[in-house]
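Common to both upcoming complexes is chain A, partnered first by chain B, then by chain C.
For the complex of A and B:
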């Protein structure tokens, strides 16, 4: 493990050596303790202060990759612009995890159950990737190419997440075995506007926007029809936390509740 | 690397990837911090870094460079919260107790029952059923043992 103290330092190390960045370690060290971590070489970026801020740039809300869930919960800016992210952050683990887990880490870890991911997908958030060669921006919905597979190159680092202004009522719901400390069985974020934006976690290999369902709801406003399309559009699986049948049922229930509570 | 441990500056030479809990227990002999699940779920290994509770079983020691780490030993056995955990029988098998106490220390001066539940949501106890623990914490802060709706829930 090496440690970087500045962004330039981190990017130079990633150019020269293949290392897995470590932010709050809340996912990586669990895998390490269980002996399931494939990577052997790490770059600790926790001390890179310039990645920690939460700010506004133009009309964008900019979340530094190392912004912790606790900092999201405490940020008046996030509360005003993206309250569904505050709600998601409150439901990530207990306080101990919220103090170390980061939004960049949640994206990099790429679990389909990552709680912040449906929020960022529904908000049309953009992942900012940087290497020594420069910076590029990728929509979160285009960031994943498969189960835990992404477009990020080994020499790149997630430096920030940009969230454009979100019009409409925001809604978030996580269903797990208990309120805190539970990996979600299913998680949904929605924005109610003339074109509703709806994203689910834990129903596919990656976080998904359900664009067919969104289109039906935008054009007809008929929730029964929307729920029917949703059931065709997602294909959850059985795993250790839940079953496909349960997830499908709960997904349509969540969609209906979102529609009722944001009307 | 250097960091502050229970108020004293310490310097150690270890692999920076070593888990903080292993440094505390093996290098410094501070065995009050317990390892339960090893995956950040149970909170038994809770210590404070710069005053904020964290799970020491999933933190590389490199991340406490120049930081202030506080463990249960800092309380020296005489803290009012420790006494209340005993008086209220908030400790039975004891594995969760140091982590519970460290997590509770970060609470503000006038927590509601809901605040206490939230602060301790990351700490699991399989013995007490939690009521005795919430009672100890609320009494420590001189707060009523009931929820906002007025129902006595931990008495």
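For the complex of A and C:
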């Protein structure tokens, strides 16, 4: 484990050595405890203060990669611009996890059940990646290439998430295995506007935007038709937490609830 | 002021609150090694070869050939080996033991085991190997069914349940004086002692077992600690050094016991106006791969299978069978939560089919003093089925709410239940439990093998002795259970620690008081030196029990309960969320009201988890969701408002009128939840009633 105290420092280390960045370590410690952690070399970026802030730049809401769930919950800016992210952050783990877990970490970990990911996908959020060679921006929906696989290079670091203005009513629902301290069996975020934007977690190897469903809802406004398309568009699986059948049925129920509550 | 009946400070409170209490993993000994268990990775087959693929420097390695006595856990049957010799019967079965002083080296050691695999048997209904069968026959059920107006049938299923004590299983074996001492997280030190004597044989006569502070048991540390203690002892004797084995959560969940899954079938005859005329009940328990305690779990399950109801013609047939899964074992309620779930859901279905109000159906049939139970026991005045039912119905305004919630997302349901306290039948007589009081320079010391596992043993025993002796509560101390120093008061199980061991202590205190002749303990000690009083338990003389026919007085007394659960169903996610539970329970008299309330609250929470959340996913005979993330017990946010009502109906044979309480609260929540769901039109006959199950469940026309 090495520690970086500045962003430049971190990027130089990542250029020279293969290391896995670690922030709150809330996912990493779980893997370590189970003996399933493959990586051996780490870079602790927790002290890189410049990655911590939440701000507005132009019309973008900028979330530093190290913004914790607690800071998202407490931020008036996030509450005003992206209330569904506050809702998602509140439902992550317990207070200890909320204090340590970061939005950048949630993206980097890439679990399809990550609670913040549908929110960011529905908000058309952009992941800002930086290396010593420069910076690039990738839409979150194009960031994942498969189960826990991403476009990020080993020398890059997630430095921020940029969220453009979100027009329309925001909606979020997490369905966990119990009322708190739970992993999502299905999680949905939606934005109701002339072109609705809808994303699901835990129904595919990555977080997904259901673009066919969105298009049908945008063009017809018919929720029955939308629910029918959704059932064809997602193909969840059985696992130790739930079943494909349940996930499919609840996904369409959530879509209908979203539509009814945001009309 | 009397200690009994008031919520005095816990004897173990300060230590636990300040972190001073020492649990097994807090304790180290000089030169101590850490132990690790190498386990089977197939559910059934034979070992072909074992290859140690690591540098053996500093390792102690033990296999079955290192057993000096008998390679069998001495429980009801000696069929379970401490270490597999050749034949593997379940996943995670112990094969080899390793010890090393460096935990990382220990964890890194690789052992390759090759097997010849056989086809495993996982379905108890297909098992032909019966560990125990029980037939309880009262009257003539066939004739009674033939003359019944109505017959209602049903099959009910319950799943595994994991104990989730907060402290996993763990022990330390320490060689001493030509023998060995075990320090560990155990419920029953004398069970461990018995098992170690069998394991070690005559070569090692000096064995003792000391209970360390224990973070919960719930039955999960009743029989299992014999296994882990045996392993630590084998490593300690071979290495000549202390050896600590502490399971992590995953190993604890994969390898140790769980509640028996059950399939219970009812065929019930009734008159048109709702009187029970015949109950024909078939109980099937999945015992897992070895006998362990399955016969007695089945016994208690069968005795409670007809519920707290009167029916002259009853037949209860039970079987506990073999499957290739880790052995199932003791768990709070000990078979009764399974069978009482079945009968209570069945009663609700009967009410529905007869068009009778479910409360009225229970009023018609619930046991009263003078009635005979399924085993033919004539109940005495301490039978309170009607008392708890009426109190619960009134307190919750049940009838009005039931009507009011119709057609909404809210619903209400209840369950009526009972639980026998102490060992079954002649069990307490055969146990010959003893308890001891020893004078100290300042007061008295309680010296029993009864363990404090969070439930309040030390405090409650001290209260009983305080009042029986008439000395200050502070002057009563409680010895740490050490089998070489305390009396064998029997296992800390079966809701017997207050009622049975507490009773012996009360009698010890009376005898001691007489011997003190008016002096205080301190005065007596100064004048005459030490004094010890030891007595043996005398069960009530009227208890008659026939172990062959299973007829007679199954238990000296019973606790009674009625749970009312109100819940809301989420129409989008099918999550059933309890919003209020009213638990009305009668258990003689609470010795310590706060602790008693805690038992009811905790047992009710555990019961709600059993009903709704706690699903053990078995894959190829092993628990696939063996983490606290994926095996979900209720959090505070899952728990509803709880209204606990403690009613009193003293039992003359218990200390200060107390009956057993520990298990009773576990029996009621699951059927109350499912009966509430039924009132909403959901035909649930199985637990856990997860959202997935509810989503796919048939609705009642």
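Going forward, the second predicted complex is superposed on the first by the 263 of 263 C-alpha atoms of A that agree within 3 Å, B and C clash if a C-alpha of one lies under 4 Å from a C-alpha of the other, contacts with A are read in each partner's own complex, and residues count from 1 in each chain.
We adopt the following convention: a residue touches a chain if its C-beta (ideal position, glycine included) is under 8 Å from a C-beta of that chain, and two chains touch if they have at least 3 such contacts.
Here the structure is a predicted model, which is why all the values come from computation and not from measurement.
Asks: First (chain B), second (chain C), both or neither: which does A:151 touch?
Replies: Touch partners of A:151: none, neither chain B nor chain C.
Asks: In the superposed arrangement, does A:253 touch chain B (first), chain C (second), both or neither?
Replies: A:253 sits against chain C, while chain B stays out of touch.
Asks: In the superposed arrangement, which partner chain does A:47 touch: chain B (first), chain C (second), both, or neither?
Replies: The first partner, chain B, only.
Asks: Looking at the overlay, does A:79 come into contact with chain B only (first), chain C only (second), both, or neither?
Replies: Touch status of A:79: no partner.
Asks: Is A:237 touching the first partner chain B, the second partner chain C, both, or neither of them?
Replies: Touch status of A:237: no partner.
Asks: Answer with first, second, both or neither: which of chain B and chain C does A:34 touch in the superposed model?
Replies: After superposition on chain A, A:34 lies in contact with both partners, chain B and chain C.
Asks: For A:22, is the partner it touches chain B (first), chain C (second), both, or none of the two (neither)?
Replies: first
Asks: So, A:139: does it touch chain B (first), chain C (second), both, or neither?
Replies: In the superposition, A:139 contacts neither chain B nor chain C.
Asks: Enumerate the residues of chain A that count as touching chain B in its complex and touching chain C in the other.
Replies: Touching chain B in the first complex and chain C in the second, residues 30, 33-34, 179-181 of chain A appear in both lists.
Asks: Can you name the residues of chain A that touch chain B in the complex?
Replies: 1-3, 22, 25-26, 29-30, 33-34, 42, 44, 46-47, 70, 93-97, 99-100, 179-181
Asks: Please output the residues of chain B touching chain A within their complex, sorted ascending.
Replies: 15-17, 19, 38-41, 43, 46, 49, 52-55, 57-60, 62-63, 65, 103, 106, 118-124
Asks: Any idea which chain A residues touch chain C in the complex?
Replies: 30, 33-35, 173, 175, 177-183, 240-243, 245-246, 249-250, 253-254, 256-257
Asks: Inside the complex, what are the residues of chain C that reach chain A?
Replies: 107, 248, 250, 571-575, 577, 613, 617, 624-625, 627, 629-630, 632, 634-638, 691-692, 695-696
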